[in-house]
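Both complexes below contain chain A, partnered by chain B and then by chain C.
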Partner chain A sequence: MSRLLLFIPLCLFAGLGIIFALSIGESPQNAANAMVGKRIPDFTLPGFNLKQSDPKSQDYTLAQVRGIVSVGEPWLINVFASWCAQCYLEHGFITRLSEQVMVVGLNYKDPPENAGKFLTELGNPYNLVLADLPGDYAFDLGVSGAPETFLISPDGQILARHAGVIDRLVWDQKFAELWRQYSEPIFKE
Partner chain B sequence: MRACVGLLLWCFSALAVAAIDPVDFSQFEPEQAARLQARYHELNTILRCPKCQNQNIAGSNAPIASDMRRKVRQLLADGKTDTDIEQYMVERYGEFASYRPPVVRRTYFLWFGPLLFLFIMIGGFLTMLRLSRRNSQSDVQSEKDGEIR
Partner chain C sequence: MLNQFGELLLSLTGFVLVAHLILIGWRFLPKTNQTVSNDELPVLRQLIVVAELQFALLVASFVLLIFQFLTHDFSNAYVAQNSSSVLPWYYGVSAVWGGHEGSLLLWVLILGGWHCALVRRGRAQMPSQLLSLVSAVLSALTVGFLSFILFTSNPFAQSESPTPIDGADLNPLLQDFGLIVHPPLLYMGYVGLAVSFGFAIAGLLLGRIDSNWARWTRPWTLVAWAFLTLGIALGSWWAYYELGWGGWWFWDPVENASLMPWLAATGLVHSLAVTDKRGLMKAWTVFLATLAFSLSLLGTFLVRSGVLTSVHAFAADPTRGVFILALLGVVIGGSFTLFALRAHRLAGDGSFALVSRESALIVNNILLVTATFIILLGTLYPLFEELLGSTQSSVGAPYFNSMFVPLGLGTLFVLWIGPYLNWRRHTRGKLTSWLLIAVGVGLVVAAGFGLVADWYWPVVVTVLSAVGLIIMIGLDAKQRLSSQGSAVQRSTLIKRSRLRPSWIGMHLAHAGLAVMAIGIAAVSFYSHEADTLLTKGQNYNFSGYSVRLSELSESIGPNYRAAIATLEFRRPSANPKSAAEFVLRPEKRFYTTRTAVMTEAAIDARWSGDLYAALGEQIQANQWSVRLHTKPLVRWIWLGALMITIGALVACFDKQLRAQGRNTTAPGLSV
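What follows is the complex of A and B.
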C-alpha cells in the first residue's frame, strides 16, 4: 500500500503532461477571440466592388453587403493588408476559394493606394473590398492582425474564424463542414 | 556601497515612469483627469495583448495593443466603468483578454488547481517522511532483535 503512494507524484506529473499535450495545437491567437457564435456587428464602411466595370468607392452597410454576397450560402470575410506578408501566401488559396464561395475582403489598417497595388499585382479575388483604415470595425470582430478569415452564415451569424494563413487543410478542418451545413438548399423538399 | 545600490534603485524607478505613455485627458478637470489617468494605467496592466503570449497591453509594442489602449482611453472618456471596459474587451477577444478570469465553475481548476497540487505534494512529501521513519524504526527494531539473538 505504501509503495503505491509513491506513485502518486508520478501519476500527477503524467496527468499534467497529458493536459499540456492536449493544449498543443491551437495557437493562442486562435484562442483570443470571442465572436464566433455571435451576430456579425453592423457597419458602414467605404468599399469597392472591383467586379464592376467602373468601380467607384461608396459606403456599404452590412445589409447592403449581405444583399450582394449572401446568396443562400455562407460567405467569407478575409482580413488582409498589403503590409501583411502571410497575406501574399494565402492569396492563391483565397482566389481558388472565390470560385465557389463569396469572399469579402476587409482591408485592415492599409492606405487604399497600397491595397490597390496589392490587388493589381496579385489579382483581386474579392467580390467586394471594404476599407477599414483605422481598424475600428475589425476591432469589433475581435481581429488582432492579418490575415484572419471569418465564415458568416446567410442570416448573419459568425460561424467560424481562423487567425493565420488559410489553406486547404484549414478550410477542410474548420470551415468546410459548416459551409455545407449552412448552405440553404436551392429547392425546398 | 549603499550609494551604489541607492543609485541603481533610483534608475529602475525612473525606467518605470518612462514606460508609461502619457495619455491625454485634458478635456477634463485636473482632478478628474488624474483619476482617469490612474484608471487608464491600471486597466492597461490587467488587459492582455491578444497577439502576445503573455504581455499586458501596457507593456506590449504590438499594434493591436496600442489600438486597445486607445480604445480604453476613449471608453474612459465616455464615462464607462472599469468593469464595462474589461467586459468590452472580453466580448471581442475572449477571456484571454483579461488577466482576471472570473471565478466560476469552469475556472475553479485554474484558480484552485495549483493550491490543490501544492497540498497533494505536501501530503506526498509527509507520507514519504513517515514511511522512511517507519523503515528506520523497523531497522532499529530488527537490530535490537539481532542483538538479543
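What follows is the complex of A and C.
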C-alpha cells in the first residue's frame, strides 16, 4: 500500500475545511447585509404575467414599481421561487403580511411556468411580481438564495434584510419597528 | 437559580471528563506499545465510575431542562424562545430538543449514554487498554461539545430582565409526534457512530486491528446504523405528512447531511465483515469509521452553522460556525492525520480471487462511497460556486436522481449474487441455476407489473432487480432449510449453521432495500396530483373516486385555530347517498402566538398506496383550493427502512459476530 494514498483523506478534508472557513468569513448573511443602509439598485425587470395567454409582459423600472407599491410607505421585496422548499413555508405569513404591507415578489431563477403554478396553487400574495430568471438583479441585491426579504424605505433605502423563512418572530425582531417608524404619518407632532 | 444549577452540572461534567482524560493519559501514553500490565483493576474502576458519573450528570441537566419547560420557567431564555404557557405538555418535553441549544444538549446526553453503555458492556470483554482509549476518545468529544454548548449555545442562559410573561412558543412545524421521536433517533445514530470512531482511533493508536477489534466494533456500529436508518426514515415520514406538499424526500441539505453518514456507515458495516472474517481491508475499515463519524459531525455543522440553509436550519449564527469549524478541524483533521501517519501499519494478511465474497463487498463499498461523495459534492456545490464568484444556485433533485438511480440499481444487482459467493475464492455451486430462476421470475413479474400499470423502463428494471433479489434470498433460505443439499454445499454453506441471526438480519435488510426500491419506483412514476377548487356540496372526480366537500368546520386547539374540511370519497358508481368509502379531514391551522399557518394533510393510508389531501387557500366562504395526491406504494419505502433497521438489530444478536470474552477475567470485579 502506498503510504501517500493514506494522506488523501487528510488533503480532501483540509481543502474542504478551507472552503468552509472562507464561506463562514464571507457568510452570505454578512456579505449581503452590506447592502443594508444603501440605496436599492436600479432595475428594469419584466413583470410576471399570471395569465399565460398574454405573451408580452410589461417591463418595470424601479421608479414605476415605487409609483405602484410605495406611495410614501415602506415596502417589502420578497425573493421567492417554486423550487425553494422554504418559500412554501413562509407563503402563509407573506399572505397575512400582504394585508397590511405592500409586498413585491421577486421570482428568482425560476421558469415562468413553475412560478405560475406556484402562485395559482398557493395564491398570489404579492402586489406585484417581477421575474428575475437569470438572477442578475438578485445578485445586485446580494441575494444568496431564496427565500429572502428586504424592507425598503419610501425613498428607496434598504432598511433591513432577512435571509431564510420570515415569520412573525423575524418580523417582530427585524422589521416591525422599522416599518412602523417609516410608515408613521408625516405630520405627527 | 435553576439556570445556574444547570450550568454548574454541565461544567462539572466537563471537569470530571478532563480529569479522566489526564488520568488515562498518565497511565497509558508512555507504554502504549507494551502489553497490558496487571494494573487493570483500578483502570476499570475509574472507567466505570467516570462513565456512570458523567452520564448521571448529563441526565440530571437534561431532566432539569425538561422540568423548566414543564413549569414554564421563562427566566430561562431558551425555554422562553421555544415554548409558551399554552403549549401542550408533551410538546413541552419535545421542545427541549426543538431548538439549537437543546438539541446539542441532547447530542451530548446521547454521547454520554453511549459512553456509559460501552464501558458497562465492554468491561467484561475488552482489554482495558482498548476500552480506556475508546473511553478517552468519547470523553474528549464530550468535552469539546460541552465547551461548545457552554461558550456559544447555552441552554441555561438567563432571559433578559424583566422575565418574559410568556414564551414565543415552539415553531409549529415542530409541534408534531414525528418531531418528538425523530431527532432523538437520528442523534442516537449520529452519535452512535462516535463509538465506531473511538474504536478506529484506538486501533490506530495501538497499531493493532484484528478480528477481535472488528467483533467489538461491529455490534456497536450495527446498533448505531439501525438507529440512523430509523431516524432518517422517520424524518422522511414526518416531512411527508407535516410539510403538506406530499413529497417524501427532497434532497434538502439537511436530509443529505443525514444520508451521507448513513451511506458511509452502511459501507462500514460491510467492510467490518471483511475485517472480521478475513483480517483484510483494515485501513479501509478504519477510514470508513472515521469518515462516517466525520460526516455525522459535518451534518451537525451544516444544520447548525447557517453555511447552508434548508427547511430545518433553525440557527444561523457565524460565531457558532467558527467554533464548530474549529471543533471539526481538531476532530476530523486530527483523526485523518493520525490515519495518514499510522494506517500503513495495518497491512492485511491474505489474498482473494476476483470472484469471491471479498470482491463483492469491495464493489458494494465502492458504490456506497461513490454515492456518499456524490451527495457531498451536490450539497456543497453552492459553496464552491460562490467561491468561484458566480451566484448561488442549488443543485436539485434531477442531479441526485440521475446519479442515484444507476447506483441504486447497481447495488440491487450486486446483492443478487454477493451474499452467496464464498470467501477467498468462489467455487461453483448452484448459483447459475439460481440466477436463471431469479432472472426468469423477475422478468415475468416486472413485465406483468409494467403491463398492469403503465410501462416505464426504470420501473420495470427496478422491479426486476428487486424481485430477483428476493427470489435469490428465498432460494438460499430453501436450501439452508432442506437437508438434501449435495455434499459440496453441505461443506461450504450448511456447515456454517443454517439460519443464524446474522443470516436472517442480513437478508431482512437486503429484502428491505428491495421493498424500498419498489416503493420509490412506484411513487416516482405513478403518483397523480390535482389542484382544484372545491365548493361545498360539489363533486369532483379524482383518480377513480368521486370527491365531495361535504362540510367546513372550525376547531380551536390549545395554541391554534383550525379550519377543517370534510372530504368524502366514493366510487363514482356508488349511490351518492350511501356512506362514503372513506373520509379525509385536512386542516389549515393558524398558530396564534407565532402567527404561522400550517397545513395538516389528511391521509388515507394503505399498503397499496396513499390518498393524500391538503388544504390550499380559502377562496370564498364555502370554497377552498384543495390539493389531492395519490401515492402508490409509498408506505413500502418506510416498510423497507424498517426491515433494514430490524435486520441490523437481529444481526446484533448473533453470538458468532461477537468477540469471545477476555481470557483473563479480572477477579472481584463487582463495581
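Assume the second predicted complex is superposed on the first by the 142 of 189 C-alpha atoms of A that agree within 3 Å, B and C clash if a C-alpha of one lies under 4 Å from a C-alpha of the other, contacts with A are read in each partner's own complex, and residues count from 1 in each chain.
Just so it is clear, contacts are C-beta pairs under 8 Å (C-beta built on N, C-alpha and C of every residue); 3 or more make two chains touch, one makes a residue touch a chain.
These numbers come from a predicted model, not from an experiment.
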{"item": "Touching partner for A:M35 - first (chain B), second (chain C), both, neither", "value": "first"}
{"item": "Chain B versus chain C as contact partner of A:A63, first or second or both or neither", "value": "neither"}
{"item": "First (chain B), second (chain C), both or neither touched by A:L22", "value": "second"}
{"item": "Which of chain B and chain C A:K109 touches, first, second, both or neither", "value": "both"}
{"item": "Chain B versus chain C as contact partner of A:G145, first or second or both or neither", "value": "both"}
{"item": "Contacts of A:P9 with chain B and chain C, given as first, second, both or neither", "value": "both"}
{"item": "First (chain B), second (chain C), both or neither touched by A:V71", "value": "neither"}
{"item": "Residue contacts with chain A in the superposition, chain B compared against chain C", "value": "C"}
{"item": "Chain A positions touched by chain B in one structure and by chain C in the second", "value": "6, 9, 28-29, 109, 135, 139, 144-145"}
{"item": "Touching residues (chain side chain C, partner chain A) in the complex", "value": "168, 173, 243-245, 250, 252, 283, 287, 290-291, 294, 301, 305-307, 309-311, 313, 316, 318, 321-322, 325, 328-329, 332-333, 336-337, 339-341, 343-344, 347, 380, 382-384, 386-387, 391-394, 396, 531, 594-598, 616-617, 625, 627"}
{"item": "Chain A-touching residues of chain B, taken from the complex the two chains share", "value": "50-51, 53, 62-64, 67, 71, 90-97, 117, 120-121, 124, 127-128, 131"}
{"item": "Residue ranges of chain A in contact with chain C within the complex", "value": "1, 3, 6-7, 9-10, 13-14, 16-17, 19-24, 26-30, 83, 85-86, 88-89, 92-93, 95-96, 109, 120-123, 135, 138-139, 143-145, 163-164, 167-169"}
{"item": "Touching residues (chain side chain A, partner chain B) in the complex", "value": "2, 5-6, 8-9, 12, 28-29, 31-35, 109, 135, 139-142, 144-145"}
